[in-house]
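The same chain A turns up in both complexes below, where it pairs with chain B and then with chain C.
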Partner chain A sequence: MKEQSPKQSGAIGEPMNRVDGRLKVTGAAKYSAEYELPGLVHGVLVGSTITKGTIKSIDTRQAERAPGVLAVITYLNSPKVPGFAERDHPAEPPTAGQPLRVFHDNKVLFNDQPIAIVVADTLERARYAASLVKTQYDQDKHQTNLEANLDKGFLPVQAKKNPKSPLADYQRGEVDAYKNGATKLEAEYVIPTEMHNPMELQAIIAHWEAPDKLTVYDKTQAVMGTQRAFAKDWGIPEANVKVIATFVGGAFGNGLHNWPHETAAIIAAKKTGRPVKVVLTREQMFTMVGYRPYTWQKIGMSATPDGKLTAITHESVGQTSSYEQFTESTLQQTRMMYTSPNVTTRYRIASLDVSTPIWMRGPGEATGAFALESAIDEMAYAVNMDPLEFRVRNHTDTDPDNGKPWSTKYLKECFQMGAERIGWKNRKQQPGAVRAGDWLVGYGMGVGTFGAHRGAATVRARLQKNGQLVLQSATTDIGPGTGTAMVQIAATTLGMPPEKITFQLGNSTFPQAPSQGGSSTVNTVGAAVQDACIALRKKLQQLASATPNGAAFNAAKPEDIVISEGHLSLASDKLAKAAYADLLKQNNEAEVEVVTESKPGNDRDKYSMYSYSVHFVQVHVHPLTGEVRVKKIISCADAGTIINQKTAGNQMMGGAVGGIGMALTEGAVIDDRFGRYVTKDLADYHVPVHADAPNMEFAFVNKPDPHVNALGTKGIGEIAIIGMAPAIANAVFNATGKRIRELPITPDKLI
Partner chain B sequence: MNQFQYVRPTKQKAAIDALAKDANAQIIAGGTNLIDLMKRGVMAPQKLVDINKLPLNKIERDGSNTRIGALALNGVVAEDKLVLEKHPLLAQALNAGASAQLRNMATVGGNMLQRTRCHYFYDTALPCNKREPGSGCGALEGFNRMHAIFGFSDKCIAVHPSDMSVALVALDATVLVSGPKGDRRIPFIDFHRLPGDTPQKDTNLEPGELITAVDIPDAPFTKNVHYLKVRERASYAFALVSVAAALNIENNTIKDARLAMGGVAHKPWRLTEAEKSLVGKPATEETFRQAAEVAMRGAKAFKYNQYKLKLAPNSIVQALKTAAAVA
Partner chain C sequence: MNPEPEQPNHDEARRTFLKQSSLLTAFAFTPGPVLQAAAAEIDEKVASAFEKVPVRLDINGQKHKLSIEPRTTLLDLLREQLGLTGTKKGCDYGQCGACTVHIDGKRVNSCLTFAVMQEGKEITTIEGLANGDKLHPMQEAFIKHDGFQCGYCTPGQIMSAVACIREGHADSDDEIREYMSGNICRCGAYANIVSAIQEVKNGGQKV
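Right, the complex of A and B next:
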């Protein structure tokens, strides 16, 4: 594209501009709600106003008579979804249990559960008619408060079935050994429910192109997972379900599950025979698309007087719904980050009358790290040691969880880079010892880690006659710049200019790829792009061998082959050239294509693979008003090879801002009397604004991990936020001497 | 939202007629609050009277007053030379409100008529006496973190959300209104109401009355002023507590003072007793602490807003310190 500023080679690591940047800033990028289909109509969901019980009566007559209304669908007249009746598990949810069966029966399982959809010719008419649906309920007593139900926490079904599940109780050394420690602490931590609140509201257009053929333009992080789910729901072949998610305007995890509004739109499209668009309201984003669950944690920790950890016990109870068992790896960091010979972890979930949570950036780990890294800081103070020194002293060179070597670990390098950049030496151990005018100054740090996951993916690489390379894979891009990274990987592998390469994603008809989640897309799809490009190069080499200059190509090493304007050449021999036209003629095709599948190897059995981040922050706290201002953030990451310094920095920045929100401003509150959220818009639920984001610097170790994939990547998205909230909480302690263990750290907690 | 009629009169009289004729008519100017409320079904006017064509957006001198038209935009007023010179406290308060985009739409009259941001008012599935008289107050025993510590009733404990109004009440402004019975002037301090038994009534405007302007008298509060807004993020959030402080200091002695708080009552909360306690005293932290103590007399908190009993006096002290440039 023209806007790519002067001569970008697209080499791996280069801070190349986003390939779709222009489309996004000019509004040309099409998001799910923006497709214009002939005959499109609008659906508006009606939510329950009770939390638990049954619908006694639902009067839709007035709504049906309202202008422009095509249908009002409830459990009484909904087309039956075949999968709902046939299976316990119609859609194989990403977590155990039974996803909500939309309009299936008269049961109400959480407040604002969709109980009807009104379809009309315009959005405003649908919205107005939705206000006319009158419902009466038989109400049951509900539970929406986790802390009042901690005693009902239970072991998730996966852990019951399999004692080796990461969700099962874990023991290294002695049970709860901290109780006998020389210096010990015991503390409870609470994080409130946090909402993903991406800028783009969840949206879908559902279109039955034939009675057994469904196309959805759907905001999702998993086009293939969504395809499978809806095929099972409706009892049709997967190939008959087409899922398009070319652009996703942020998701942070809430596109990793299929939600009631999607099924409601599909039902409405079935009923009306028209394409139906449903866009959630901001308030519905709090109840219909998941959230980071309210979680209670307790840590017991002990250390020797000279700062060696002797034991950690970490327990957590997170909330889930009454119908699905949502789980996340809250306690993993505690098992593997520090040398402690004795570690006990106990993970529980408690069912409440709420909608189902879903993974939110740094899922589990961000929650667990708040408790762990706060406790580490507290323990460092208890033994009167600099918290950085304390972490170095308890650093581990092998994985204490399983005894395996790390694939790579450059955490100490991160410590050093960050400490220098933040000016850690200016920190005083004594809280409240540094001031800037009226404000108290504090320094804090926190460590984050996340598994360097890799899955299987398939990529199609097609070199066209015009010299353009088109790559396809059914992954998505929720904002990290996936397409840009893939173009750079291809450009580097093939020696091609990036503007000749297009990476297409977000379409279930493309070759298989997993969801975009768990910081694994570059690890997985990036590796597959690299493999596809290598396969393409080999194929081209074979074809070139048969051209007039063939001998040179035949003998060449594959990496010697350069794909340039209109022809193949050799880096080592400028005279060796083969025109595409000739190659394609050889191939009797208009193009040369390869489709390759890539999978992780068995290094996974031999090594423990993690990305690491260290966040250093400086905060100012006002002693009279309790306001906290984050003044500086330095995050350093060991994320393996960095494909694009700019987009990698963007990810770190987004995670840092998310971490500020987690630490200082975000928390969704339910009024338990009603079971209903009372902070459910962007005025009451405070995501950070620009003025909350300080100067931020990000640094990467940028050393390859040879065991995750051949690119050497480990993943960035999650570690950008994991450990940030405790870094801020620890800085607040350093400024004020107040240890806040319940997020968010709002002014009332500090005065 | 419901279907509604829409009229856009070009004459003030026509606007007043349109309002007076129809009890269910609402004025729309910037629409930054009303449209939200209509989308959520909290307000459902049958008729919108768009007053943007009325010539009410001037900022001008009128004798020893600055007169600001009701349709002057918040963003324009905050940048106006006259306002910055004569009433810098007002400019500070305006800039503390909302976001640049909203300030560019919101009008002075509309700002005064903002509805509360109480969660229970905003959700039609929950009880609220202000939205639906007789349905109960959801906040009284609910999530009342943002709620009043002064002047509430057992019917309503909501707070007024405006920043601008806190400065205007401190600056002894007067609201100019025009209605079916003619024109009248309402002292700003009497413009908003306490909830009492009729929390559905936010102001003392009579049916059919239109705000035309606000008058601010000249006063020697041009140098030692400060609007402090304490909130949960650095911008674009409603105040936990805000303080408008204006001092006239000569030879380190306070000759006159104006003080008001936001986020603590159903109306912008003028602190006249605290003002009196400041006069004649040296501009010191000790003086400010004593004034804060006077200001807090009679305050009472609920389950989740106990912190305001400490945050409010602390904020008064800090606002006065900043106004007086006392370190």
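Right, the complex of A and C next:
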């Protein structure tokens, strides 16, 4: 029996159900830890209990003797990883520096660093044996507190080498001109370390199919990046490394780097000659797979009494590890969001004895927006102006960072849509002036922006004899509905019903695609799908022209070709009609295949390309308990063409929920005496639950951006969260008159 | 290396005793690998005699006769031994709800219960919720309302949602939110999950 969903054309924009929905609701979708391989064994990591120092002795005898144990691997007996001999990695994403060399030496660089892996025939036996490894250390003094080390902030290596790097110090107009402004403010903002905490625990199955041939089922957002990294580590050709990530159970950025447990599993598989599965515990998700870095920021801002910004200075210091330089675009939007003749930015990082951070949804832009959009709200109050009006007054029609025109910018439309829906007119400028029963009511807004990035990708399109179209590209889907969007793009381009189209991803043997990150997948891979389908259509036209009735097709211009319901026909000649499947048969071909690469054009040199979001929120704050309840959220986005209203809306809501967590509940806490996280599970680190998520609405401008790609897309994932935390913080101020500049806004800060 | 002296616990003492009495004395001069193999073999015998217990489980209407370690959680049994990977591990502490199954019709975090405790009880996992190819109404509603993104928490959300209605805790959006708060969705599809549950509840179909 079929699903009872209505038949859908799957055209671009339609709220089509997800193509993988049935697999996900039946438990049939297979995530990395769920592949059954003959001879599979289990690896459990042993982490360091100190934060910095050296391993003095490590006694594995008891663990080795425990039942079912195949191997206990430490730096003393680990197979050598050839790539570890190389010195520093070049200054390239995701991080400059040397990723942790697992089991390479006796150095401990952060708390819970993997120092051993125990491999046994069952999970229970491996876990028990791991508890038997005894280690003694020589401890060194560690530093894990960013605010105590702000003075150690330094310019990242990229910026040192290249003064034009976006991370370098930036100057427009006069340096720190805000100090001479008519109305000025100066404030510091802090966001704590936040953890991605996707629901799927990071997991890998590593399998050496031959001494120089590795297959991994790995939770990653970058199957090709992972392939390159492991090939380099082990000194084998990239073609010998196969990475599978068909389903990824959320990631939010922490699949954009390769982590110690992956290398540990590969080492263990090498040592034992068996496929080894490693699934992290939730505690380990806090210590070894990245996080949004603790970041200190300072903003100086000035404006004229009638609300024109005259200067902004924005500085930040974010934490990184002692062995890699993690960087993100914390300050970029300060350069381009508002028209201000004087802008100064200074970006620094500080090395602590912690593991390396990695981009977390919205990455640096979400961090920076908390400071910038809070400061904008503060300045609006300082000049006694509605914060919406203040933003409109400082709106800019060209990019003040580089003088280029925007490719498209519909920010004012977002302002209008959102203000109407939230009932902004009910907001009072005076804090605490609106009440609902015992509760104080506040309204707030925040703006988000993120570059509409596009890279190069290649798509294989294969039309089979049975009329099925199979598309392949080595992208991944961490949840946004990539496969669904790609099917809709293909269905629209070729006029085929979506049920006849399959999009395959998450496999490094497929044609090249970048990692799923930076809101760029539809911009990049979607464009490649469209181009591949156009190439396929041309090839079909050639096939049609070779058929007995093909003269009409042969003479036709491409735009005269009409495609619908799996047929090729001509607008000018209703009789010229051929089913795709028949074309193949007539030409005695089993399938028609095209492989098409798609790249951004030179429009990137001419225009500045950004997505925008505006978040409007209404909060209730209890004056006695300090409890904040987000009651209503309206998020409006200028994200170019919307491929699927349903999945895009879901992404917007998900970003909003992430923003609620950022604003109100999330913060990982280290006990600096020991350098150890005290929040190591979901009972101590509070991600939003059902009860935290209100009814929410979203609205898209849904106008194409013709310069990013032919589809007109700009990207949604990041702008869904960027600007949400300050919107909530600003609403809390409107409700209470209390300006909270250090997240999360927990009740203790309000009473 | 300078290891500490061994202080074996009870299990360790038992194994050590068996190894020493049956093997080490007999093969005192046997080369290492042979000795290890022999010790491993007797380890397995010890394990099956002492570490495993027989248990009969009824999972999705299918009877399983198993010999398992008492320390094996129901979640790990399902995922690692029975190939029922639809039930997900998200935390192993009962904090996220990804592992929710039904035991005698009630929702239970399968990471917080040992498999040996479930003898004679009816266990239903996400794989057993549909009626053959015909999806359960809650599964249909999750697809229609897009009640997920990455899909990892989804089996737990669906099992919990069915129980939420059965318990009579789905009378309003707020009540649903409260009684579904044990199931975390980091992608944040909460509003759509509530819509899906409302549709099933209001549709009046038997869940």
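Keep in mind that, in the parts below, the second predicted complex is superposed on the first by the 716 of 751 C-alpha atoms of A that agree within 3 Å, B and C clash if a C-alpha of one lies under 4 Å from a C-alpha of the other, contacts with A are read in each partner's own complex, and residues count from 1 in each chain.
Quick note on the criterion: contacts are C-beta pairs under 8 Å (C-beta built on N, C-alpha and C of every residue); 3 or more make two chains touch, one makes a residue touch a chain.
This is a predicted model, so every value here is computed, not measured.
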{"item": "First, second, both or neither for A:S131, with chain B first and chain C second", "value": "first"}
{"item": "First, second, both or neither for A:G481, with chain B first and chain C second", "value": "second"}
{"item": "Which of chain B and chain C A:T49 touches, first, second, both or neither", "value": "first"}
{"item": "Chain B versus chain C as contact partner of A:D20, first or second or both or neither", "value": "second"}
{"item": "Partner with the higher number of touched chain A residues, chain C or chain B", "value": "C"}
{"item": "First (chain B), second (chain C), both or neither touched by A:W359", "value": "neither"}
{"item": "Touching partner for A:F553 - first (chain B), second (chain C), both, neither", "value": "neither"}
{"item": "Touched partner set for A:F390, first chain B, second chain C, both or neither", "value": "neither"}
{"item": "Contacts of A:E627 with chain B and chain C, given as first, second, both or neither", "value": "first"}
{"item": "First (chain B), second (chain C), both or neither touched by A:R676", "value": "first"}
{"item": "On chain A, positions contacted by chain B and by chain C", "value": "67, 124, 681, 683, 688-691"}
{"item": "Residues of chain A touching chain C in the complex", "value": "1, 3-5, 17-18, 20-31, 33-34, 36, 42, 56-59, 61-62, 65-68, 76, 122-124, 134, 136, 196-201, 247-252, 279, 281-282, 478-481, 646-647, 649-651, 653-658, 681-683, 687-691, 693, 695-696"}
{"item": "Complex interface listing, chain C residues touching chain A", "value": "1-4, 6, 8, 12, 15, 43-44, 46-47, 51, 69, 71-72, 76, 79-80, 83-93, 95-96, 98, 125-127, 129-130, 132-135, 139-140, 142-144, 146, 148-155, 158, 173, 176-178, 180-194"}
{"item": "Partner chain A, residues of chain B touching it in the complex", "value": "1-3, 39-41, 99, 117, 119-120, 122-123, 125-126, 138, 141-143, 145, 228, 230, 232-238, 240, 307, 310-311, 314-315, 317-318, 321, 327"}
{"item": "Contacting residues of chain A [partner chain B, same complex]", "value": "49, 67, 124, 127-128, 131, 283, 437-438, 622, 624-627, 629, 664-665, 669, 671, 673-674, 676, 678-681, 683-684, 686, 688-692, 744, 746-748, 751"}
